[in-house]
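The following blocks contain the structures, represented as structure tokens.
Shared between the two complexes below is chain A, which pairs with chain B and chain C, respectively.
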Partner chain A sequence: MAELTAVIGIGQTKHAAKRIDVSMAGLIREAAERALADAECTWADIDAVVIGKAPDMFEGVMMPELFLNDAVGGAYKPMLRVHTAGSVGGSTGIVAASLVQAGIHDRVLCVAFEKQSESNATWALSISMPFSVATVVGAGGYFAPLIRGYIRRSGCPEEIGIQVAVKDRLNALKNPYAHLQLADITPQMVRDSPMLWDPIRYLETCPSSDGACAMVMAKESIAKRASKPVAWIHATEMRSEPTMFSGRDQVMPRATLDNAKSLYEKAGITNPRKEIDCAEIYVPFSWYEPMWMEGMLISDTNQGWKMTESGATALDGDFPVNMSGGVLSSNPIGASGLLRFAEAALQVRGMAGEHQVDGAKKALGHAYGGGSQYFSTWIVGSEKP
Partner chain B sequence: MRDVAVVAFTQAPSVRRDLDRNEVEILIPVIHELKQKTGLKNEDVDFVCSGSSDYLAGQAFAFVSGLDAVGAWPPVCESHVEMDGAWALYEAWVKIQMGYAQVALVYGFGKPSMGDLPITMALQLDPYVLTPLWPDAISLAALQARICLEKGVCTERDMAERAVRDRKNAKDNPFAQVKGDFTVDGILKDPFVVSPLRKHDCAPISDGASAVILAAGDRAKELCKRPAWIRGFEHICEPLDLGVRDLTRSRSTEIAADRAGVGKKKIDVAELSAPFTHQEILIERALGLDDGTRINPSGGALAANPLMAVGLSRIGEAASRIWDGSANRAVAHATSGPCLQQNLVCVLEGD
Partner chain C sequence: MSDKKPEEKEGPVQVLQTPVRLEYVFSAGQSASRLLGAMAKGKLLGQRCPVDGRVYFPSRGSCPQHGVPLDGAPVELADKGTVATYSIVRIPIEKVPLELPYVTVQVVLDGADTVLMHLLKCDVDKVHMGMRVQAKWKPREEWTSSVENILYFEPIDEPDAPYDSFKEHI
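Here is the complex of A and B:
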């Protein structure tokens, strides 16, 4: 029933620790203008705007989309603001796609951003509320025990986290937009970096970035006329589950497994490892690469780390993961999910530049958030579904 | 477009300060009652969408605990907007239109009593040039009201009439917070809160929550004897900057009303979410309502104003008038942002 929909334009900012050269409005406009230029359309061609970002306290503005709407051509148009924790970037893309898939709009612009330098995310994530359990540890402290759980279950060697950290930073050297450009990175350098939340070392975690990502989605009749290749949306899926309850498997939550099964079913994929050419996965701590290889049913349970170890997830491997450098190299939190979706689309459009996977026809974009409880994903392809 | 209807609605009583319960505890009975009313279980619901604001709760990711009220296990297909639940309902309607869902659960919740609301709302402005001046929400609305009075758009008496009407209507609404019999002359003797706004011109501060079930086609008919079909649905956002907007009218409501087809046929009932009396007048005019329309039979936002749920409640209240047969065509309105920046219009019909 859904209208066939494609990504016809993609834009992102240069991600950096502090983009003091632009305001929040300037940041999102930079990404949006690039997406419009790529889509070969103007502000007037856009029917509706979808804005996504992570918690408002990350910048200290309540519902900032209200003051930002104007900067991305949203005046006197429908505007939606999405917020689904760390998965929000992905969810923002999915909501924008839905507006076209439902036949309501012809062209929709979505923009996701974070300007972490305007506040302090670890503070915002550590507020202690009355009568609730206060972990007061930020994201790293929250996920470290889950990673230790994974290592214990799978027998994953210590080297795996280090290997992912090096691989993604080397990939980032091929991506001019990536925040971290660590040309001299080595496994020894990662091993020697300070232990922040055991087993997560400084160089095994993501940076704090300012950045934005934007995409233009369009219906089939418009996408067919595009002069550049487009990325056809084959399937989107989302799943959520509560943060904590007795017996919840936080290491490998059911929501990720349900999400993956449903996504592949909708995309007509029976063997994701073979049928998907590359993937951009939300990996804020290096260990999450093998964890989500299992969580996305690309690898068997407790075997995900063997994909990393064998080099399968390297840019020249048989299942490249995070060709752009991933969240480990750029983390404007609210945009990080949309960046994964956008990088997947760039790959199947053949427009990923130096980090292009040769002949990529089908790609996975993935985001997760909250206490490992929000999942949003999509499959895009160079061919129509 | 698929036929999609509002088939069930529940809400918490709006109160000035819910001392005993946090946001989720307010929400839990609302969602439980909705499931009981419809007999729906989580597995019967294809999509869940909610609206809330971290800044009301004073906590990042405040909406996450809403999943506890849903009892989201097994995991659910779910999304959240940092907006009033009326926009969450819009997203759910989109999902049903695209064929992703047949039945959707939508909820909105807010507990503004956690902070000083008028000042908190100053954080909603441009952080570089406006927020540093800390203009509170009532003062900004007062600026707008002053322009309306000086341009002859309305009088203080017109404004007071809205307060009297809404409070009188609210007497029949057990969930409303401000209700009773007042006279225009009586309340006009009250002092200004921020000139030209008196207490009756301002919506109360309310803690509360509401929830709605949306369903498509035959599924809607199974769940409701007389579904409230959504026949028009649009929302429009203006720039935030007050200097570039005509504050004596609501252009975004006019555009949304036009696209939603409000004026095509007679409107029996309107439920408006305007938090100030002069804004209610602006919305009535933008929607083209006249004496033939019963406005705010529930009392509207001026009688109960649970932020992030108040707009969704307007849709639920308008649908209730369709279900009980007292209206055949209704319009519901929701707003967000300073001085009616963003507005949503939903047309519901019984036939």
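Here is the complex of A and C:
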């Protein structure tokens, strides 16, 4: 039987387009020290450190974990780096949790970050390969045809992408850490924003951010002594699949469906729509809200957009999604997955501030990456599983 | 670069420019070597998965789904196909020989069971799923062992393919 594990501390930076006031190390330190303070512990209490970030090419710094060892308090302790593309923040949290769940360590710190201003992620995502033709620039170019596939299958109206774009930015206004603060955003403003990769408009995409997120996880005997509420980890799950193979469902990959089924089974959830109180889902382009509502089996196939349309996913809806403002409001890529996991934990701790969902007891954190080929998820609860 | 010497600059040094340049040597391997060699002759060679019989193009020698080597005997494919899905792009990128806005497509080549990501030269208002297209090659004398021998695809005068015939590739 695995050790019962909880999140006892959470920290994040103020996310912004350029955090030139801090180095990469300083950025990480800002999040990590906030997590330690929240966990009411010191660097000496940490047994091991797990660090995650997206591809090294995003900043052009190879293996940054080498020079960041001291910044994350890794000296003379076990330290390891995780990489699973855009989902890496989520899998970093899961690796940290598993070190406690396995009974190997008592308290583990995980940190994930990206300092996008130091290079150009869109360039890094557009490297030409000798066996394929350069066709598009950035992740939007890759995902736009898949979104079109979803729209074709589901009959999702154009309004849905706009609605999500507005909702998440309004939620971000309640989150002081969020990068984008677009107080005057309206559906018309989204509609009028430039079409970048049809059907994705400028305001339907995520920003490029500098930021970091950190969490302290602890075993039950430590967590139950915490003076603040903790988030108990009910279940974690990861899945992957190849980017391309014949007959691959690129819109709704098998890996997401398998991941969701297994996660809920581990968490003892039979009706996710009813039993989960709120969710932070990795939505880098607004259309991915309805897509992952289906990919996480919260909605029936081709019906996910109806949740958005009905207002169910709004902060005051019956299934709030991306209360923090989501990836659409802050996207330090490597940290983005961990931020989703952290928001889920903040919600069940009752510590989400103005974007708190009243009485949230069970929350879903979700991340995906690569060509929709890595999925990391967890369920956290205010009560022990 | 600024005209001033660094020590004459005022205020803290917050950002330094440190350009990095990378050149790769790509070991093609048997499969990509054959593919690229055939491209130099204007031929598109796919390979079949021995497990489910599906034809991969471009093939990398093994089936990503089943983890087995693809059949050694190559399958020659037409340079015509069907648009499974697409996007209209309004952000410029180096190397794309089309003016903005341009169309990117996932094409299912006739005889292949995979999608090929490529460019489509057409009126952007006309592009649609199921559209029939054909490769526009560079002039023969410019062909090299490169997938870039195909400049882009162009619409052809054939009836649209029915949705059911390509929907699994979206």
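Basically, the second predicted complex is superposed on the first by the 380 of 385 C-alpha atoms of A that agree within 3 Å, B and C clash if a C-alpha of one lies under 4 Å from a C-alpha of the other, contacts with A are read in each partner's own complex, and residues count from 1 in each chain.
Here is the rule we go by: contacts are C-beta pairs under 8 Å (C-beta built on N, C-alpha and C of every residue); 3 or more make two chains touch, one makes a residue touch a chain.
Keep in mind that what you see is a predicted model, and the values were worked out from it rather than measured.
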Broader residue contact with chain A after superposition on the shared chain, chain B or chain C: B
Contacts of A:R152 with chain B and chain C, given as first, second, both or neither: second
First, second, both or neither for A:V137, with chain B first and chain C second: second
First, second, both or neither for A:G60, with chain B first and chain C second: both
First, second, both or neither for A:N259, with chain B first and chain C second: first
Contacts of A:I20 with chain B and chain C, given as first, second, both or neither: second
Which superposed partner A:F245 touches (first chain B, second chain C, both, neither): both
Touching partner for A:L196 - first (chain B), second (chain C), both, neither: second
Touching partner for A:S286 - first (chain B), second (chain C), both, neither: neither
On chain A, the residue positions that both chain B and chain C contact, one per complex: 60, 131, 242-243, 245
Of all residues in chain B, those that touch chain A in their complex: 1, 22, 48, 53-55, 58-61, 63-65, 67-68, 71-83, 87, 90-91, 94-95, 97-100, 120-121, 123-128, 130-131, 234-241, 251-252, 255, 336-338, 341-342
Complex interface listing, chain A residues touching chain C: 20-21, 60, 126, 128, 130-138, 140-141, 144-146, 148-149, 152-153, 194-200, 242-251
Chain A residues within the chain B interface of the complex: 1-3, 23-24, 49, 55-67, 69-70, 74-85, 91, 94-95, 98-99, 101-104, 118, 124-125, 127, 129, 131, 237-243, 245, 253-255, 258-259, 370-371, 373-374
Chain C residues within the chain A interface of the complex: 14-15, 18, 20, 26, 28, 32, 35-36, 49, 52, 54-56, 58, 60, 63-65, 84-96, 101, 104-106, 113-115, 117-119, 129, 146-148, 150, 167-170
